[in-house]
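Heads up: the structure comes next, in C-alpha cells.
We call the chains A, B, C and D, going by the order they appear; numbering starts again at 1 in every chain.
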Amino acid sequence: MTLPTPLTGVVPPVCTPLTPDREVDTASLVRLVDHLVDGGVDGLFVLGSTSEVAYLTDRQRALVVGTVVRHVGGQLPVLAGAIDMTTPRVLGHVPALTEAGADAVVVTAPFYTRTHPAEIARHFRLVASRSALPVLAYDMPVSVHSKLSAELVLELAADGVLAGLKDSSGAEGAFRSVLLGRRAVPVPAPFSVLTGSEVTVDAALAMGADGVVPGLGNVDPAGYVRLYAACREGDWERARAEQERLCGLFGMVTAGDPSRMGGSSSALGAFKAALHLRGVIACPATAEPQIPLSTRETETVGKHLAAAGLL
Amino acid sequence: MTLPTPLTGVVPPVCTPLTPDREVDTASLVRLVDHLVDGGVDGLFVLGSTSEVAYLTDRQRALVVGTVVRHVGGQLPVLAGAIDMTTPRVLGHVPALTEAGADAVVVTAPFYTRTHPAEIARHFRLVASRSALPVLAYDMPVSVHSKLSAELVLELAADGVLAGLKDSSGAEGAFRSVLLGRRAVPVPAPFSVLTGSEVTVDAALAMGADGVVPGLGNVDPAGYVRLYAACREGDWERARAEQERLCGLFGMVTAGDPSRMGGSSSALGAFKAALHLRGVIACPATAEPQIPLSTRETETVGKHLAAAGLL
Amino acid sequence: MTLPTPLTGVVPPVCTPLTPDREVDTASLVRLVDHLVDGGVDGLFVLGSTSEVAYLTDRQRALVVGTVVRHVGGQLPVLAGAIDMTTPRVLGHVPALTEAGADAVVVTAPFYTRTHPAEIARHFRLVASRSALPVLAYDMPVSVHSKLSAELVLELAADGVLAGLKDSSGAEGAFRSVLLGRRAVPVPAPFSVLTGSEVTVDAALAMGADGVVPGLGNVDPAGYVRLYAACREGDWERARAEQERLCGLFGMVTAGDPSRMGGSSSALGAFKAALHLRGVIACPATAEPQIPLSTRETETVGKHLAAAGLL
Amino acid sequence: MTLPTPLTGVVPPVCTPLTPDREVDTASLVRLVDHLVDGGVDGLFVLGSTSEVAYLTDRQRALVVGTVVRHVGGQLPVLAGAIDMTTPRVLGHVPALTEAGADAVVVTAPFYTRTHPAEIARHFRLVASRSALPVLAYDMPVSVHSKLSAELVLELAADGVLAGLKDSSGAEGAFRSVLLGRRAVPVPAPFSVLTGSEVTVDAALAMGADGVVPGLGNVDPAGYVRLYAACREGDWERARAEQERLCGLFGMVTAGDPSRMGGSSSALGAFKAALHLRGVIACPATAEPQIPLSTRETETVGKHLAAAGLL
C-alpha cells in the first residue's frame, strides 16, 4: 500500500521474536503481527530500536521486513527502519526494504561519527533523494547522541525531504515547536508527527501529534488504540485514565536490575517477557550481548501485567 | 602472517581514498600503502575511524581489506576494524575480514544501544569466542559513548579474550592503569597496548605502551617511525623534538570551520587534503554526508605541510 | 504567611532587575512584583535560575528577598532559592532567607562536586532537618548535571522531607511518574508538584500538576493566569489556544545569536528586554559575564511582544 | 610573598581537616601544612576541589586561608581558590583572600549557568581586572562542565589576563597545545602551566609543564618532590619508577564502593583516611553530604599506604 497522508494513529514498533539460539522466530513474529492487528493498530514499524534493529544482521533484517509485509498483505502500512551510521550505509539498507515492500523508511541522524547540523541536514537530503520510498526522520538522541532541532525538521519538511518525524527524544517542548511550526510554514506534502513516548501520548495528541509509536504497544495494543480513540474524540478524562493505566504497565521496563544490565536490556527484556507470558511469542530471549532478565525479574513483569488486567 | 606477539611499533589507521563519486579508489589506496610501507611502519590498521569505516558499505569494506592484504603480501600485519553496533553485527563482519586475510580484528564496545559494563564484557567474550582471528579492543568513547575501564580491559586480557587494546580515549591516566595493571596480573598471552593519540606518543611510549596508531601517520609515516625509534632508544630529547614537530603538523585537523562542519569532517578532510597535496592519492573527497574543506581551508592544510617540511 | 498546602497556581520565578552598573534595582523590582501581582499570580519565586541567582552576591540575594517579601506583605507566598553547591553552603543561605520572611526554600541537588543519588538524598534530608522553612526540591539537570529520579523524590516526599518539587528537567515522563506515584504512596503532608516549563503547562496540569513556575510569566503573567484557569475549568481547547500563544511568545528566548552568547544570556536577556520594552523595569542589563543582546536582537524581542499583543 | 614568576614545582591542593561536627580543625590543618613543608613542597593551594572548597562556607574559607597564610609566614607562596558560579560571586570571594594574604587566586569557568566561550573569556578578564592578586585559570571540566580550550587560555595569557593555568582536565593533548602555544606567542609576563594530574606528572613535566598540583601530594608530598626533582634532572627512569609507585598509591581513590557513594566522596575520603592513618590529622571526616568510607574501605586505604611504604 502507499503511505497514508498523513500517517496517523497507533503504529507500534514491532518486537523481533528470537529463538533460543537468536535466530528470527518468524512464526512468533507472525503471531505478534496478528496480535497487533487484532488490537486495532493503524500501522507497523519494523526494524526500529524496540525491534532490536541494532542487533539484527542484514539477513535478519530482510527476513523480518519480508515476513511482516507478506503477512499484513497491504492491510496496514509498514514502516521500516534503515538504521545505520551514515548516509552510504543507510542507503545500503534501502533497496532490501524497498524490494520487501515497506511503505516508508525511518532514518536517524548519523552516529558513531562526530557530526554537525549541516551534515545531518545533508544526510537526510541525500537519503531522501536516492530512495524511492518516503523518509521519516527518527529523533533518538539517547542512541545517536545528537538531537534534531525543530528548525532542522521544519526546514526539511518545508523542502519536501521528509514525510514525517518519529520523536523519541522525550523533549516535549521541542516536539511542540515542530507541531506549531508545521502550521506556520507551507509544507508541500502531508507531514506526520508521531511521538515515540509510551507515557505522554495523551499530551502529545492534545498538542496536535498525528500518532504514536509506543514500544509498550507490543504488549497492549488495544490499550493504545483505546487511548488514541479517546483523544480523537476529545474525551480527555477517559484518555487520561487509559494513559495512566498504561503508565503503570510501563513500569515493567525497570524490572531489570540496573547494577547488572543496561536500560535497553531491561526494557526490551520486559516487553518480550510480557509477550511470552501472554502467549504471543515462543521465547523471551533478547539479542546478544544483552543480559537476560532473571526469573524473579520476569515475575515482576508478570505482576505488572496482572495489575493492568492483562494476565 | 600471524600477528606479532605483542604487536609493536607504528601501525597507522589507513585512510580510504575515494573517487569523486565516492567509490573506493584502489589505485590510490595501493599508493597510500606503499607510502606507509616506505615510511617504515610496522603494521597497518584498515577499517578504523580514520579509514571512514562508519561510511563504507560492506562491499567497500571488503574491497579495502582485500586490496590492502593482497598488496602488502604478508610483509606487515594488517589489522581490520569490525565496527558495528552489537555482537551479531560485529560477528557478521568477521568472516569477510578473515577470508580477506586480515591478521586481527579491532572491535569497539556496543553503540547505539544503551549498554552496561557487564554487557560490554559479554560482547568482547562472545566476539572473541566466535572469531578465528585475535581480537583487539578499540576504546573510542567519542564515538561509542562509553569508556572501557582499565579493570574491564585487564580482566579480559587476563582471561585471554583480548590480544590487545587500541586506546583512543585521550584519558592518559586510565591508559597508564592498563599498562601498570598488565605487569601485575598474569596475562596468558602477549597483550599489546597501543595509543591512538597523535600528540602524546612520546609520553605513551615512556609509560610502557607497545605502539601507536596515529591518524596523522598517513600524512607523515616517517615522522612517527623516527619518533618511535627515538623513544625505543631512550633518546627522549630527540623524541620530544620529533613529537613537537608532529604536534604542529597535527594542527591541520582544525582547518575546517567548526561553524559549518563537524570535527570528523575537518580532521579526515585535512588528512586526505594533505595526502592529495603530497601526491599520494588522486582525490581528497571524504564520504557523505561530510562537508568538504573549502579551497581556503585546503590552503591551510598546505601551510601546515610546508611548515613541517613536507611540501 | 505560611505556605499554602499544597501550593498551587502560577508562581513565576521573579527576574532580578539590575542597574547599568549591575546593582539590584529595587525600584524596578517592586514594579515587577506589582506587575506580577496585578497579573493575578498565586505566588512568587525569588532567587531562582531566572532570577540570575547564580550571579547575585549574598548581599544582593538578601536585598532581593527582603525587598520582595516586604512589598508583598503576606498577600502571596514567597519562595526563595537557596542555590549553592553543597549542604553546608545551602544551609549558609537559609538563615538570611528565613529572617527576610520567605515562606519556603527551594534547593537543588549538589553541584560542582561529583555526586551520587545517596548523597543527593542525604543532602535534602540534612537541609530539611536543619531548616525552619519547608523545602522544595528543584530538579534542574541542565544546571546541576544530575536528574532527581521519581523514586528519590517520592521517597523524600513520603518521609516528609520535601514540601514539593519544582521540575525544570523537561522530562515529562519522569514528571508524570512523580504525579502518579504521589497518589500511590501515603504522603504525610501536602506535596506540591510544579512544572518549570513555559511551553507544556497545559499538558502538565492535565497530568495533575499543581502549578507552574514559568520564566516567561515575568513578561506575560496574565497569560499564564488565564492558561491556569482554563486548565482548572477543564476547558482544554481554550487552554491550548492560550498555551500556543505563549509558545509563540517564548520564541523570544532564541533572540540572541548562539555563535556569540550562551543560552542563559539569550533567554534572560530576552525576558529583561521584554520587561524593559513593556516599561516594567528601568534597564535590561543582565549580570556579568553574560553577553548583552544587540539592538537588533532586542528588536526581535519586540516583534515577539507585538505578535503576542503585548506591545 | 609575591608569586614566583613563573610558579614551579610541587604545589599540593591542601586538604581541609574537619572535626567530627564538620568545623575546620585548624590544629590539624597546621600539622598538615607542616607535613607538606617538611616534604619539601614549593607552594600550597588552599580552597581547591581537593580542599572540599565546594563544601566550605565563606566563614570556613576565610578561616582556612588565614590559618595557612599565617602559619607559612611567607616561606612558600599560597594560592587560594575563589570557586563560585559566576563573575560577581567569584569577585565576592577575592577581598577576603587578598586580606588574608594569599599570593594568587585560582578561578574556574562559570558553572551552574549555561555558558559560552565568549562569556568564559569575559569572566576571566573581568575577574582579573578587578583583583589585586594574580589570577590562575583552573580547568576542571568534570566540575564545571565546560573545557577551557588551548586557544582561549593562550589568548588570555597573551593579553596578560592570566598568570597561569592549573589543568585538571585529563586531556593531555590540549594541555600540550598550551605548552607549545606559549612558546609561539609572546606572553607579556611569566605564565605557569601546572598539571592537576597525580598519575602523569612525569609526562607533563617532560612536555614542559612548570609544576604539579597533586591531591595525592597531601598523603605523600616527599614522593612528588622526588618525582619533580628526577624530572628536572632529566633522570626519566628514576622519575618513572617514582611515578609508578605513586600510581599504585593513587589506587586508594577507588576504595569507596561506587554503588553507594560518589567519586568525590571516595577520593577525598581516601586522602583524609590516609592522613588520619599517618597521624597527620585528627579526624578523617569529609564534609556533608558526602558518604563516609566504611571501616573496611578505610582498611583498603591502609593497605595502599603499607604497599607504598608509608605506614
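Note that a contact is a pair of C-beta atoms (placed from the backbone, for glycine too) under 8 Å apart; a residue touches a chain by one contact, two chains touch by 3 or more.
Source: prediction; values computed, not measured.
Enquirer: Taking CA centroids for every chain, report which one is farthest away from subunit C.
Expert: B
Enquirer: Have a look at where subunit A meets subunit B and say same if over half of the interface residue numbers show up on both copies, different if under half do.
Expert: Counting shared over all numbers used gives more than one half: same.
Enquirer: Would you mind telling me which chain pair, C-D or A-C, is linked by more contacting C-beta pairs?
Expert: The greater number of contacts lies at C-D.
Enquirer: Quick one: report the Å distance separating subunit A from subunit C, using the average Cα coordinate of each chain.
Expert: So the centroids are 35 Å from each other.
Enquirer: Specify, in ascending order, the residues of subunit C that touch 2 or more different other chains.
Expert: If we look for residues of subunit C contacting two or more partner chains, we find none.
Enquirer: Graph of touching chains, which shape: line, ring, star, complete, other?
Expert: ring
Enquirer: Just spell out which pairs of chains touch, all of them.
Expert: A-B, A-C, B-D, C-D
Enquirer: If you look only at subunit D, which of its residues touch subunit B in the complex?
Expert: Interface residues on the subunit D side: 170-173, 176-177, 180, 197-200, 202-203, 206-207, 234, 236, 240, 244, 247-248.
Enquirer: Could you pull out which subunit A residues touch subunit B in their complex?
Expert: Within the complex, subunit A touches subunit B at residues 22, 49, 54-58, 60, 83, 85-89, 92, 110-116, 118-120, 122-123, 126, 142-145, 258, 260-265, 287-291.
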